[in-house]
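Shown below is the structure under consideration.
We just call them A, B, C, D, E and F in the order they show up, numbering each chain from 1.
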Amino acid sequence: MRPSGRKTDEMRPIVIETGVTRHAEGSCLIKCGDTQVLCTASLDERVPPFLKNTGLGWVTAEYGMLPRATHTRMNREAKRGQSGRTQEIQRLIGRALRAGVDRVALGERQIVIDCDVIQADGGTRCASITGGWVALRLAVNKLMKAGDVISDPITDHVAAVSCGIYGGQPVVDLDYPEDSEAGTDSNFVMTGSGRLIEIQASAEGATFGRDDLDTLMNLAEGGIAELVAAQKAAVGG
Amino acid sequence: MRPSGRKTDEMRPIVIETGVTRHAEGSCLIKCGDTQVLCTASLDERVPPFLKNTGLGWVTAEYGMLPRATHTRMNREAKRGQSGRTQEIQRLIGRALRAGVDRVALGERQIVIDCDVIQADGGTRCASITGGWVALRLAVNKLMKAGDVISDPITDHVAAVSCGIYGGQPVVDLDYPEDSEAGTDSNFVMTGSGRLIEIQASAEGATFGRDDLDTLMNLAEGGIAELVAAQKAAVGG
Amino acid sequence: MRPSGRKTDEMRPIVIETGVTRHAEGSCLIKCGDTQVLCTASLDERVPPFLKNTGLGWVTAEYGMLPRATHTRMNREAKRGQSGRTQEIQRLIGRALRAGVDRVALGERQIVIDCDVIQADGGTRCASITGGWVALRLAVNKLMKAGDVISDPITDHVAAVSCGIYGGQPVVDLDYPEDSEAGTDSNFVMTGSGRLIEIQASAEGATFGRDDLDTLMNLAEGGIAELVAAQKAAVGG
Amino acid sequence: MRPSGRKTDEMRPIVIETGVTRHAEGSCLIKCGDTQVLCTASLDERVPPFLKNTGLGWVTAEYGMLPRATHTRMNREAKRGQSGRTQEIQRLIGRALRAGVDRVALGERQIVIDCDVIQADGGTRCASITGGWVALRLAVNKLMKAGDVISDPITDHVAAVSCGIYGGQPVVDLDYPEDSEAGTDSNFVMTGSGRLIEIQASAEGATFGRDDLDTLMNLAEGGIAELVAAQKAAVGG
Amino acid sequence: MRPSGRKTDEMRPIVIETGVTRHAEGSCLIKCGDTQVLCTASLDERVPPFLKNTGLGWVTAEYGMLPRATHTRMNREAKRGQSGRTQEIQRLIGRALRAGVDRVALGERQIVIDCDVIQADGGTRCASITGGWVALRLAVNKLMKAGDVISDPITDHVAAVSCGIYGGQPVVDLDYPEDSEAGTDSNFVMTGSGRLIEIQASAEGATFGRDDLDTLMNLAEGGIAELVAAQKAAVGG
Amino acid sequence: MRPSGRKTDEMRPIVIETGVTRHAEGSCLIKCGDTQVLCTASLDERVPPFLKNTGLGWVTAEYGMLPRATHTRMNREAKRGQSGRTQEIQRLIGRALRAGVDRVALGERQIVIDCDVIQADGGTRCASITGGWVALRLAVNKLMKAGDVISDPITDHVAAVSCGIYGGQPVVDLDYPEDSEAGTDSNFVMTGSGRLIEIQASAEGATFGRDDLDTLMNLAEGGIAELVAAQKAAVGG
């Protein structure tokens, strides 16, 4: 029995509000249950030095949590520097989103995705990827509308969901009470057409077998489908 | 003529939504026009070392801006460290709020106010003080309801407003287009009963006279009254 | 009764020795009672990046305290980094001095004012502004004498004094025993012609009224006049 | 065709020399082809603060590369701080090794595994895990021989291997020329009995399907078996 | 011919003013020609952790330069952190002064010597040692007068002088123009009775022979004798 | 009697293995008894900014210790930053090696010497200099063979040895048990022809006389001769 009463393959309610900030080229507030992440896409006409004069674009991400996004207040990273966990997550988000982008079609420009967790209840990195894609999509729409980009550089949807083994039972979309108790913890990043972009599966307590991984992946595929549907609804197609 | 078409003594619309996060002991989202600041109050039963065993409480504040709260994206402070401006602002917020608190009545505990700017359009430090007070009030209400604090440690409202000389004309509650052009820039922090807590007035281009300061203070008194009314409405009295 | 026996409007003795270091383009040691600050002006023909090719000059300031300038030894900032207080003070000094400079007349060059507190007894930021102006004046004299600057970019004197309410009594030019007990603490930066550049007034214990501010400003005007007279004597007119 | 001429399921030669440093409680130099990592295990009778008085032990890891372990010299991390990549790797190593340890049996003490890359040719994180386990095993042997630990806290072997899709072909144990070109990059951490501890699979260029993952996992199982055999030979059983 | 016209064995004028700051337990301003260093001794009743409960005292030093102590302004170390050179110098000063102290007689307390260069013209580390000893002597006198220390912990004078080979000619007490051109650069730290505490000799351009070292040491002995005489005059015996 | 049973003028066995890493332009592993340092020379065609367009080359060094090179594990400098001791040592190594290089003949390029201590048993800085020279020699040989450098920029051997007064007895090449007890500690850097490059001699407990320094230098000359012979054997002449 899951603490929330959900079925093993039941996602939390997904809400994606777009256009939530005045300044960003693309933005959304994504809510997966009580997890809320504000995602913005900022266009930067300068690329990082290693891409100068290559004609290739870049998509990168930064991730942060407001200090009181969590049950007990965390230290502010602006004061102590980014933790290893934060750096790991933002590297994942950037890598995941780039997998859905044709960098030649994007042209030599950079889009920076900022994912800031307003409220945390498990699954913040997955919500960041799913919401980050929406912000990216909206910013690219703007570029295309302005004629700055001709051929659509976005090749497919990118979304992510966590799965885990909680109380011996494989479940999808873990909330914080589940996440903090799960024996195996995994994150799946997939495209809209069901191809894999990234899998991270980790034994937190007990090790797991190939069959467990299979079950988790089945759950993930179902969850990703729902997330992609929500993305489509949010960006109007 | 102000860019927004407002009259010289006209404040932007003030909206204060309370209870916006699940975890914090007190919280609000304050909107002063397009400026939006999320304010949370976190209770910490440990005080800073210099207050150990004094019986005195403490209120402190931290301030941050999401990287894309502004027109063009700013660097993330978690990566480069807090700027001098950020530190100056958070010191001001803490000092201002402490001026409205009886630290003996609060008892030996700390309340940390986090002010995170979601969207910036001028006046973020003032909105942080005004909204920070609401979060503080709600957290203290919780302490009193639980019987952890007997006598109300909050002695009065604390609110803040900016005034400036824009185009030669003294105006209240500057938005970003005004703020970036103003010849004199000032912030007034006052109590609900109209006493002064802090004045910061600075010549950005031309110097100013005592008569100018008087005019700015008149404008500020009007603005503060509106802000205090909004605080009262938000916290139910 | 003030601890030093001074009258409420009585400044501490002001001594300004110029030419105290061999290397700096302008320098002075300013003593306001037991507060001693060494101020140097360094000419830098390069401006900060944001001013490149604008034709505009820049004046900036840095502030520091020797570790044993104070009653008990402080940590050395070179080891732990600059505190928020230090950054706040040096931003104030730079802003104040720029208010007395015509940046077009200065031309595209930078003058860096270093204010290092040799001995502290209250009022170090005010002494830094008053002494910093003298160092700046001397460095500009050198530029003009060399023909590098034609029209005098210094538009007026800039000086600063602290005022406060000590023991319920408004007083001028607080020394450390007063400063650490004062109910309201304020700093006034003014020009030689009595115009205001910056006011910072802060309730440390009790709040204050508009009438209090008026009294403090009257005291400040008297103090600034004495400081400007000392500046004139120091720079020979 | 692989650049090294290896077959798709052919591992590089594995050499594990133990007892390579005089001071460490356990140590080995592991060579996987031209990749060489020095692994040491240091016993620390103090645990991290969050484990004080819990009776539980801890295993943690740190990872570094000598500046000229690579084709072109990298900056020394002691001068610029640890990169996100380094932190991500050392978190993985620690997590992987803890999965093979009974922390109750270890008792309230910490073992720190240092993995320093002497020469890099792909697969340094995997070699660090495989070699780190050997150092850990030797240090625990010492604890058991001294009677400080009674029941063996090591529950199984832990080893790791990389797999990837190179030139459209799934291959095991990528060297640097393969790693820098691979379309999909994955690391598998497994126990001696073939259970999974961690999977990280990432599309670097093209996305991948579930069938690809299956093939990679088959390759990994073969590689892990060889690594575990080498570990057994190294530690004498 | 030396730039200053001095003879090869001629020291610059030495001036040591004591009691130059109100707060420090011991202080002096030492001038060796145009080099000026402010030295303060601060008593701290707490020792560093590694000396807790050993009964042994400690003497340590910190060194800094005001940004415009030099011909061209240097960056402020409070902003960029202490350079390797600064750390090397302050380690030398502390080591040198400890060589003249009986740490048992001092008792479990620490004396911190701050050496801040007000004006630099070569030989700042030597002046810091010589002046630092005076500040230390005065602080210890205070401790003895108060009865906190019974037997004098200072076993001998400690002073330092630089020597070098300038224009092929061995000379004593190099000023900046000599120092920047010298082929061999050396610093000698000695006691009042002529014993050696530290020698640092370094070929800057050409290597040197044992005979050169002998000549430099002869020069140093003469210089140290003058410095010790100045110390005696400054502390009254 | 020395702990190792060596005679007072007896060096530890010296072993220098060259070509120990695949990537570096020059490399060796130097063993002086149980002290082992891996030295690599990396060629960088870019010089530091202050040498741009001067035609002069540069040799610099960086030094590090693996955390468990020592008896008890030290903190990793990549996590806490380089200590003052580390910076002091690497500055010494670079300075020493430059004294044996004709920077005009080297041409406008840089060679970076990395010295990483694999195992420490006293004398790591001396071993780094002696081994660093071998790596430098090999890298320069490569440059000359390729015709990039015509005239040999290496003017002489550079080697270093420590001497000290242990148990009242002057001895050469201190190991850790001696080093930690020695009354006087010194390092001599010399050329192959017996000229001095650098002397650092320091009283750790008792002061020392000129006669002591003479004896230590005699010991050093003998040790250096053995080290230079080992260098010659290693580089083939």
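Heads up, the rule we're going with is that contacts are C-beta pairs under 8 Å (C-beta built on N, C-alpha and C of every residue); 3 or more make two chains touch, one makes a residue touch a chain.
Each chain and its UniProt protein: A, B, C, D, E, F = Ribonuclease PH.
For clarity, every value in this text was computed on a predicted model and none was experimentally measured.
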Path length in steps (a step moves to a chain that is touched) from chain C (Ribonuclease PH) to chain D (Ribonuclease PH): 3
Size of the rotation, in steps of 5 degrees, that lays the CA trace of chain B (Ribonuclease PH) over chain D (Ribonuclease PH): 120
Distance between chain centroids, defined by C-alpha means - chain B (Ribonuclease PH), chain C (Ribonuclease PH) (Å): 28
For chain A (Ribonuclease PH) paired with chain E (Ribonuclease PH), centre-to-centre distance based on mean C-alpha positions, whole Å: 59
Averaged-CA centre spacing for the pair chain E (Ribonuclease PH) and chain D (Ribonuclease PH), given as whole angstrom: 51
Touching two or more other chains - residue numbers and ranges from chain B (Ribonuclease PH): none
Contact graph of the chains (line, ring, star, complete, other): ring
Running round the ring (origin chain A (Ribonuclease PH), first step to chain B (Ribonuclease PH)), the chains in order: A, B, C, E, F, D
Chain F (Ribonuclease PH) - residues contacting chain E (Ribonuclease PH), complex: 84-85, 87-88, 90-91, 95, 99, 191, 195-203, 207-210, 212-213, 217
Complex contact set, residues of chain F (Ribonuclease PH) against chain D (Ribonuclease PH): 21-24, 27, 34, 38, 40, 42, 44, 62, 64, 66-73, 76-79, 81-82, 86, 112, 114, 116, 118-119, 121
